[in-house]
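Have a look at this one before I ask anything.
We call the chains A, B, C and D, going by the order they appear; numbering starts again at 1 in every chain.
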Amino acid sequence: MNKKDNAILLISCPDRQGLIAAVSEFIHSNNGNIEDADQHVDRRSNVFFMRIEWELNNFNIDRNQIEKEFLPIAEKFNMKWTLSFSKDKIKTAIFVSKYLHCLYDILYKYREGQLHLDISLIISNHSDAADIAKQFGIKYVIIEKNKENKIKQEEKEMALLKKHDIDTVILARYMQILSKKFVDNYRFKIINIHHSFLPAFVGAKPYEQAFTRGVKIIGATGHYVTEELDRGPIIEQDVTRVSHRDSVEDLKRIGEELEKFVLSRAVRWHAGKKILVYKTSEGNKTVVFD
Amino acid sequence: MNKKDNAILLISCPDRQGLIAAVSEFIHSNNGNIEDADQHVDRRSNVFFMRIEWELNNFNIDRNQIEKEFLPIAEKFNMKWTLSFSKDKIKTAIFVSKYLHCLYDILYKYREGQLHLDISLIISNHSDAADIAKQFGIKYVIIEKNKENKIKQEEKEMALLKKHDIDTVILARYMQILSKKFVDNYRFKIINIHHSFLPAFVGAKPYEQAFTRGVKIIGATGHYVTEELDRGPIIEQDVTRVSHRDSVEDLKRIGEELEKFVLSRAVRWHAGKKILVYKTSEGNKTVVFD
Amino acid sequence: MNKKDNAILLISCPDRQGLIAAVSEFIHSNNGNIEDADQHVDRRSNVFFMRIEWELNNFNIDRNQIEKEFLPIAEKFNMKWTLSFSKDKIKTAIFVSKYLHCLYDILYKYREGQLHLDISLIISNHSDAADIAKQFGIKYVIIEKNKENKIKQEEKEMALLKKHDIDTVILARYMQILSKKFVDNYRFKIINIHHSFLPAFVGAKPYEQAFTRGVKIIGATGHYVTEELDRGPIIEQDVTRVSHRDSVEDLKRIGEELEKFVLSRAVRWHAGKKILVYKTSEGNKTVVFD
Amino acid sequence: MNKKDNAILLISCPDRQGLIAAVSEFIHSNNGNIEDADQHVDRRSNVFFMRIEWELNNFNIDRNQIEKEFLPIAEKFNMKWTLSFSKDKIKTAIFVSKYLHCLYDILYKYREGQLHLDISLIISNHSDAADIAKQFGIKYVIIEKNKENKIKQEEKEMALLKKHDIDTVILARYMQILSKKFVDNYRFKIINIHHSFLPAFVGAKPYEQAFTRGVKIIGATGHYVTEELDRGPIIEQDVTRVSHRDSVEDLKRIGEELEKFVLSRAVRWHAGKKILVYKTSEGNKTVVFD
């Protein structure tokens, strides 16, 4: 875990000469020590991406002034950018329904100090996870949903998120689709685990679909939620081999491992500010500086 | 490679008590030594699958009489079944266009004795592979195709296949869609390599699609060709991890390895009579006794 | 999970004609319906392996009489064999030290009904896992060990295992080496998870070793414990890619996932009587009928 | 393939503040456009690694003067460094014995333009590959070796390499151990493919060793050759799952695919100047900026 006192810049902008020099010189000339730097250029769209992390220890600029001081460089290069600090933990809520393996996995890793987050709220449409929440000492709120009350209940959820100052939402096998309004409020802040290798088997019952189609490999996909179902930018995927001997129940059991693994990696990268999202002709995709 | 003189039974039928006993007793009571046996039951559809291979050396029934002698058992259990002999090599043609890596890979493995086939014909809509065919000593026929002459040219192809007594067709990145008539003539005898992890990225330019969608893993799929594009029963799949750093060109290059690997495994299993195809609600799937 | 009332035979013997016919005929003629059958022949050593599972529902032989009735066949073919019943759950103890992720994972899957065992005892040389044991309602006994008292403490452990009628021991990252006497008492009944891809990095601190050697892939190995450290027959292995960017701490964290996955699969196969062990020139290896 | 006219700096030095700023500023202030930059710090040894590539198109310094101009920065930071140019192709020889699949694979990819090398010589202790060399139009020299003449023959080999101005040697399953003198002459310039997942199964017959030990996964390792057998810094590894059903011959066949894949990736990275080697307590390891 990052226990250092570092600043992190996430940058995307049109690719241009002098970008790396400008950013690294900004840090160096103010006595910052670069701990980690990574760049990428998408040659098709000519977009430059950068993640740079430096120590604040002897840095000459006060943390509250960094944004202001960096602004001229950002403007010169037409950057989209965010500044964050390694000491700040993202306020996070988990949404869950009746499948609890992903919730369990995240809470265990959270307690072990493997996820640099502040998980302060679990919301569910069922009571199944109440005991687990209690055991990990996290507030648990049941907000039941059906077709009729869905919009009203979402308002309650959003009010609750606001009240708890939540920045990021993890959908740990939450079996409800969120409205466009909800998604817009948390743009690239909602991480979902879909239990297939997207874009294969979008929608309901992907393991059933995989079994019926007779694929030889199954997968799981962690992605940011957008208004289009299972179409948001992919953060991480993993797969495992199956065979004709595996029943649908086997696929579910085997897939659980993938889901846990993929979701926790996606959350970890999100927590570490390692992910940049950008637009393509087909929607959005991610750069992950892992 | 199978250099033994064995008989192979591939069986599928409704699951019923006594199946294994009946088949193994048939072989044993006629002094056959079982070299390999594998079974599977799809519990959903209650279908039983079996592949059993035994030595003909001291077998009491002449190879020409086995079908006749086995018929009563087959009828009793309502079996679909095929009998084949390990010494017989499947007469095979390869279709190829301009991407030659799969062709090369198969011919190399063929020459090394890793594929128990008799490859006697290469058909292409281009001249690109002529040198390779020559180098491996295999007859090469160019049958050019365009939208206008497609049906007529296919007739030529089918006549050629018939003349050479071809049983199986390998589409080694053959960039033409075959007609329903062609497919019907070679039902589950045409093996195609599709350069994506099906059912993701059906159709043209799957690497482009994968790049634009931003998947973190790419794949290749070997399948039997049916009248529906890229919807035939899957024989084998494999995948590899990619990242935002990989361009479309990188995906193509990395994918070539997968394509070779997957196609040659699918061909190998087909040649070894390891594959059974059966119907599901979604089309067809395979049992592969590897 | 296997909730049926089935009998399972695990057989190994010199390969000989008529084996499958004899076993399947024994079951069929007594009105048993074979649910699953798998065979293997190691051609080098000419050893035949079989696992066959059938329904007891309408079986003509009482379960207590099956051994007696099968004995003539077993003797004729010189079989090593064990008969077990799917309804019987193996009495199991878990040994653990301070790393708790594997314990946690097994108990979670156990509670979810994914492991067909009866886990009735957890033994540790530390108190760290006491809370987890309590939470899952399993008896927890601390038996501290140091160089001086090791043998004496092992006697206590063995007495405890005997008292609880324990058949199988899972070493879920138990950081103590067991004596030859202990191992002999539980021959192929002790499953250990080693945190490397054996035979690479035998012994202490495998992640340190992997980091220093600069391997590009790390692994975990589930194996039966024998008197030779990390040399017992391998049940399952898995691996994952790492890079120069991963520190030793990263390798440990990433490896935890592998350890959980591999250990739980090995335990699952053991619980389902899917594993046969046999001797080779280099020790022992396994046949896993997964 | 890199068809651009770029300069590439590979740097390693003690980690210190201002490194990235100094290097990027050197390039930028001389009107160079950075195409690719990657850094890494090994926190244990506090060593900084960098690979930076920039366009020479409008660069103000003549390519012959870059070394001289960069020297003050290199000296200030105590750098080990190499400068190379993307247009220069490394002069390469391949050594091969009787297994030809790796040779074939490399030559095919070379001809396809996937390997940015100049392969001008193939040396073998056998005549087996003569036809392949001819087919690809590359000079083939047979230098037979036995225990008695080994040193003398190596002198011939080295003379030949010198005559052809060879920089890099690929051992494509060359079944001879090279002397310390040979290795010293081509320090981190000799790439070997070892057919196991090192450090497991060092030395002869690794597939036999893997079979006897009963591993569930086999691998291949591409590494630089040092004077210690199979102990040189690892460049790339890959693995694949096997089972008890696979004979030693199956392992060999399956492993061939891994060997080709791993060796060609290692060669590709070497050709692209993506690899840095550094010392650890256990020998050497690599940073691969892929």
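By definition in this document, contacts are C-beta pairs under 8 Å (C-beta built on N, C-alpha and C of every residue); 3 or more make two chains touch, one makes a residue touch a chain.
Owing to the predicted nature of the structure, the values given are computational and were not obtained by experimental measurement.
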_Chain whose average C-alpha position is farthest from chain D's own_ = C
_Counting C-beta pairs in contact, which chain pair has more, A-D or B-D?_
A-D
_Rounded to a whole Å, what is the gap between the Cα centroids of chain C and chain D?_
41
*For chain B and chain D, let me know how many angstrom lie between their CA-based centres, rounded off.*
37
*Quick one: which residues in chain C touch 2 or more of the other chains?*
245
*In the complex formed with chain A, which residues of chain C make contact?*
101, 104, 108, 112, 114, 135, 245, 253, 257, 261, 290
*Which residues of chain B touch chain C in the complex?*
17-22, 24-25, 27-29, 31-39, 41, 241
*For chain A, which residues are in contact with chain B within the complex?*
40, 42-44, 197-201, 209, 212-217, 219, 233-239, 243-245, 247-248, 280-288
